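Heads up, there are several structures right after this.
In the two complexes that follow, chain A is the common piece, with chain B as its partner first and chain C second.
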Partner chain A sequence: MVRNRSESGFSALHPAVSFLYFVVVITACLLFKHPLYLYTLFMVAILLNWTIDGGKALHKSIKGYVFMALIIALANPLFSSRGATILFYLFDRPVTLEAIVYGVQFGFSLFSILVLFVAYNLIVTYDKFLYLFGSIVPRTSFVVIVTIRFIPLLKRRLQDIMAIQKVQGAFQEGGKKKRHLKEGMATLHTLVTWSLEEALMTASSMRARGYGVGKRSSAIRYALDERDVIILSIMAIAGTLLFIGAFGGMGQYEVYPQLQEIPFSARMLFHYSSFLIFLLIPIIVNGKVWLEWRFIRSKM
Partner chain B sequence: MGHLKRFFYVGSIGLIVFLLGLEFWKEQHYLLISLLVISCAMLPFFIHFEKRSVKAEEIVLIAILAAIAAISRVPFAPLPSVQPTSFVVIMAALVFGGEVGFLVGCIAALVSNLFLGQGPWTPWQMFSWGMMGFTAGLLKDTVFMKTLLGKNIFGFVWGFVFGWVMNLWFVLGFFEELTWPVFVSAYTASFRFDLAHAVANVFFLTLFSAGWLKILTRVKVKYGLLKPDG
Partner chain C sequence: MALYQIENVTFAYPNATKASLAQVSFNVEEGDFVLLCGPSGSGKTTLLRQLKHEVQPEGALEGTILYKGNLLADIDQTASIEEIGFVFQDPDNQIVMHTVWQELTFSMENLGYTTTQIERRMGELVPFFGMEEWLFREIHELSGGQKQLVNLASVMALQPKVLLLDEPTAQLDPIGAKAFLQMLHRIHEELAVTIIMSEHRLEEVYPYASTVVMLQNGRCTYAGTPGPFLEQLWHGEHRELQHYIPSIAQLFLSTNVMDDLPLPLTVKQGKQWIRKAGKDKKGECELFDGESGLVNDAEVLLQCRKLHFQYAEHTPKVLKELSLSIRQGEFFTLFGGNGSGKSTLLHNIVGIVTPQRGKISFAGKSMKKMSAKERSKWIGYVAQNPALYFTKETVREQLVERYESVAQGQEGKLEELIQVLSIADVLDRHPFDISGGEQQKVVIALALLADPALLILDEPTKGLDPYSKQQFALLLERLRGLGKTIFMVSHDIEFAAQYATRCGMLFNGKVISVEETKSFLRDNYFYTTMIHRTVGEWLPNAVTVEDALAQWGT
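Let's turn to the complex of A and B:
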């Protein structure tokens, strides 16, 4: 697997491709209720994380996500008594099989969304996000870029100020809480005064160098190459089929009033295949890269 | 002709949003509807900011205030709801007005999540902090907000409103029946965190606000910032 976070496979594609992918897949998590669809989304979300960094990023937060999904799954039968199959009574309220199934569906969909966001954070890094929005809202994304630049600067200044305060006798171990707060306040005040003045100097300097004269260009350029176009066209076709089917009632599963057999038809199979093709795009791209690295034969 | 074209574009986008909303409503995808609604609520602020003439000073000022608001959140990350971000947003709005307040809140939410992780909560945080700044800016010249008590009440109320808005993505998206018991239990579960946020706001406003207002106002006067005629 590609274990480092260098740009390869799906992350190396044009940011529009990866951004569009995540928008569609996360929307799909909210649209579909069919068990097969939900299970596929769940598996794809985890598999995608695994192909990106071997699941390292997911490992950090998975416990909390499982916990959240469990709460959602358990909460539904406690609040809802709809459904015909009563399993038992809890505090004089019927707990139905249907409500439990519905809760589990919600749990799966929330969990998939959270896991997909982990992959999103790894693939659509902020420079790509800003590149995408730079052409639509140039001024706002410029403010965001400047803000991001200020963060490490402010961190360094905070350390500088606190070092000087320590020399002057502040932040001593075992001091009173009130004194600590006062000293913290002084740190923040100094930081604000210093940074505001400096920021405005930066602005004058920007203006002197001709800020706002012409159109802004991006430091990083992403060219839409042949590979991106091919993948975008596959996504467009599969995605259109996906949404037409979704609004035509595909991928749905009604648990109320009583659990039905899981619907299955030729039409659904067709819709499901376009859904699956769309979902698997990054996994196929990443897998192809991995295979090439493993079994590459030099042609020289 | 230009007007007609603009009318056509805005009208067709509005129609698409309306039809999507109708479809989501019919299928009970409340989370998707609510995302549509908050995007539409935030859009005018960004359009206005993009279209009007802006000095380099304003851009850097908004950026530095958003950076301060965002960075003040990072060290407090283990303590949910206790962070001075709301305080910084309110201060920025009280001195520089509603639009700056909105942008500082919105961008602080976006940027701090670059470090803490983006998630389904990001748009809601952008909306909540943005609106906190906007409302503070609207009230900035009233007698109410000039007093410390008024500011404290404002911060206290927003501490709760912020939490209530943040509960929505969770409740709207992942509960089946939106009944009163569901809302009451979700909101009582979050009460402790909302109270912590509200109390933290009061704490910061009481101790810091006078000093911050002085610093920010001084900079505003010195550099003649954000005057409509400047």
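Let's turn to the complex of A and C:
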């Protein structure tokens, strides 16, 4: 059954497949420190977003992510003086090459994780998440869904209240800090009271429509089809190799106490290949769909 | 056997001194369309909630409510949820999920329907409601009318036998309300679902109803066929209830001619009656001269010159070269369709957003140069949702805080306003616990404490019952008597026809056809009162019941 107008390629696969993919890739971002691995993750994260929606969703938030990554990369050498290679002194504190490299490393993996989460939100939508976990932890997953809807809702309400408070003369530039704080508290108070009031009605409406009566079912049925099985097998093989290698110390790179030479070996190349295959799965799936459409259209 | 047997139902909320329902008795037959009417606070919501076990409020209930001969509490839970559907007033807060699709399947998933069942029901439901286009949209992108249709559809997914609806169109614009009521009519006619609905828009629902139940102060004062109901209201002792009667019926009842004709409710019926009654003669045709002298000469208070506004770079322009002037002492009403930018214009004027180009000035002073405090001397803004204003635990604290920040030292100012707005009774209550009409008055009091010259109201009559509307109109008249200028944005043509001095329409980002109310409505074809659409052919100057009566000389 077609779930959404735009669902095709990787998004159209069984949610377990896509969920598993993101779990592994995001873990990989935390696990691997090798520059080649980090760079690959970075590129794949961006490419993945591009193949999903042409990078539209990423475009909205990328500025903030770059900023965050930069802050992390800059903050580390300023606050940490670990490492043997002292480059210069700043305010009597040594700034080391190792700390700079570590900051950049950390910034890169944080950035990749954030970008991967954008893709995750596009692919593993709320209802897919609910489907996956609805039968294991039904209450919790439902609470998660409702909460997720609440965040933008509260944001919109807060904006509305603040606009009115501003018209009423609150939040003026040049006002005292203490006064701003008081006004902020009043705004939050309104937000909470109002939202609780609304939530009471929502609860009534949920009860009226049978929430909590019995075991919830799901309107969506995902059956593992042939394609899912093939992709799952590839993921299983590549993934196993990936983790075995990781436990064997592959993809690591120690910064402290002193920068080492970037490790490179035949074994690592093998490990990197399985890593790359795993990472590229959604891009290949999406690319195939893209090519198919170009091919079919040219025949029409 | 009746579907619902309601016998001697008395109900009081915990700690309440007065019962909300007192000895209410009536029956509902299968296939009935019951219209429940009565002023706000008369117990309509309480009564409707008593009819479904899952939403019954806490409190002391006496008397019996039987559904198909059984007590509500004894009905099997699943059957009760499936057979009795409930649609609430506010389109927003009864929605649980993120997208339309999820919301529609929510109730079916709760009851554990299989995926095949759900798919099949959706396959029927979605085309019936014509929702294919917005099935995968997020809820917050929809208009109020669309949201309320989603709520109705989500309940209909369970194939209920009875629908209970609590003023479902009160928060909707006229077009959304019409679409909703037509859908409801279709459900009643084609699926024979029993409907029990409370509603203020009598002219729209009255023709569909098979039974009318009137509640006043928790007592049932009428329960029966709609036929004699309106006459009874008209001749009854409660004058304030006459406002409930649709304007065409009011006109008919005022003239006392041809009492054997059926009571006309729609424009079509009204015209038939006029022809039969021999009133289809041209009235005196002295036309008003466009604008009356008084308003024209007054000094310009608010001026918007060539405003341009858009929310973000690549979004459509909401306001395009908009110009508007409001004169001292007038009551200006701005109409406009949904999403035409009416609220956006107000936001520009009160300073929530700033226009990209153009100039707004008050009494010749540019708004940009004013501080918020100075601005609040010129404008008092009453937004659609009063909840946005309430930051305190009681109405009194709220008013005192505002008094201290803007009216410090003006002895008696607060007391005077409390008296003018008659809100003395609610001072010690929580602002969220008072009725919508009272909340609105409190917000008006907050705005007026700064003593602004201009009062800006965003859809103030939305959700008010006819009697409260009348009271609200009197309040506005009193404020104008105190020298205030009023600028209202509204959908309520009937209200503006009676009280506004000038009207205009916002269309395609511009304010067009600004004219004196009577000539504005007289020259419109769709956007005019029911009375004008009925009698305009013969009495081109009549836009209200009083006009028509005066010109007929009765």
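The rule is simple: the second predicted complex is superposed on the first by the 213 of 300 C-alpha atoms of A that agree within 3 Å, B and C clash if a C-alpha of one lies under 4 Å from a C-alpha of the other, contacts with A are read in each partner's own complex, and residues count from 1 in each chain.
As a working rule, a residue touches a chain if its C-beta (ideal position, glycine included) is under 8 Å from a C-beta of that chain, and two chains touch if they have at least 3 such contacts.
Nothing here was measured: the structure is a model prediction, and the numbers come from that model.
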item	value
Which of chain B and chain C A:Asp127 touches, first, second, both or neither	second
Touched partner set for A:Trp194, first chain B, second chain C, both or neither	second
Chain B versus chain C as contact partner of A:Phe150, first or second or both or neither	first
First, second, both or neither for A:Ser204, with chain B first and chain C second	both
Partner chain(s) touched by A:Gln168 [first = chain B, second = chain C, both, neither]	second
Partner chain in contact with A:Lys63 - chain B first, chain C second, else both or neither	neither
Partner chain(s) touched by A:Arg294 [first = chain B, second = chain C, both, neither]	neither
First, second, both or neither for A:Val213, with chain B first and chain C second	second
Residues on chain A lying within both footprints (that of chain B and that of chain C)	126, 146, 148-149, 189, 193, 197, 199, 202, 204, 206-207, 211-212
Contacting residues of chain B [partner chain A, same complex]	23, 27, 29, 31-32, 46, 49-50, 54-57, 59-64, 66-68, 70-72, 84, 103, 107-108, 110-111, 114-115, 117-120, 173-177, 179, 181-182, 185, 207-208, 211-212, 215-216, 219, 223, 225
Residues on chain A engaged by chain B in the complex (per definition of touch)	26-27, 30-31, 61, 72, 75-76, 79-80, 82, 99, 102-103, 106, 109-110, 113-114, 117-118, 120-121, 126, 137-140, 142-144, 146-151, 154-155, 158, 181, 185, 188-189, 191-193, 195-197, 199-200, 202-204, 206-207, 211-212, 247
Contact footprint of chain A on chain C as seen in their complex	52, 54-55, 77-78, 81-82, 85-86, 88, 90, 92-99, 101-102, 105-115, 118-119, 122, 136, 140, 151, 154-155, 158, 347, 350-352, 371-373, 376, 381, 383, 385, 387-392, 402, 405-406, 432, 446
Parts of chain A lying in touch with chain C, wherever the complex brings them together	1, 4-5, 126-127, 145-146, 148-149, 152-153, 156, 160-161, 163-169, 172, 186-187, 189-190, 193-194, 197-199, 201-202, 204-221
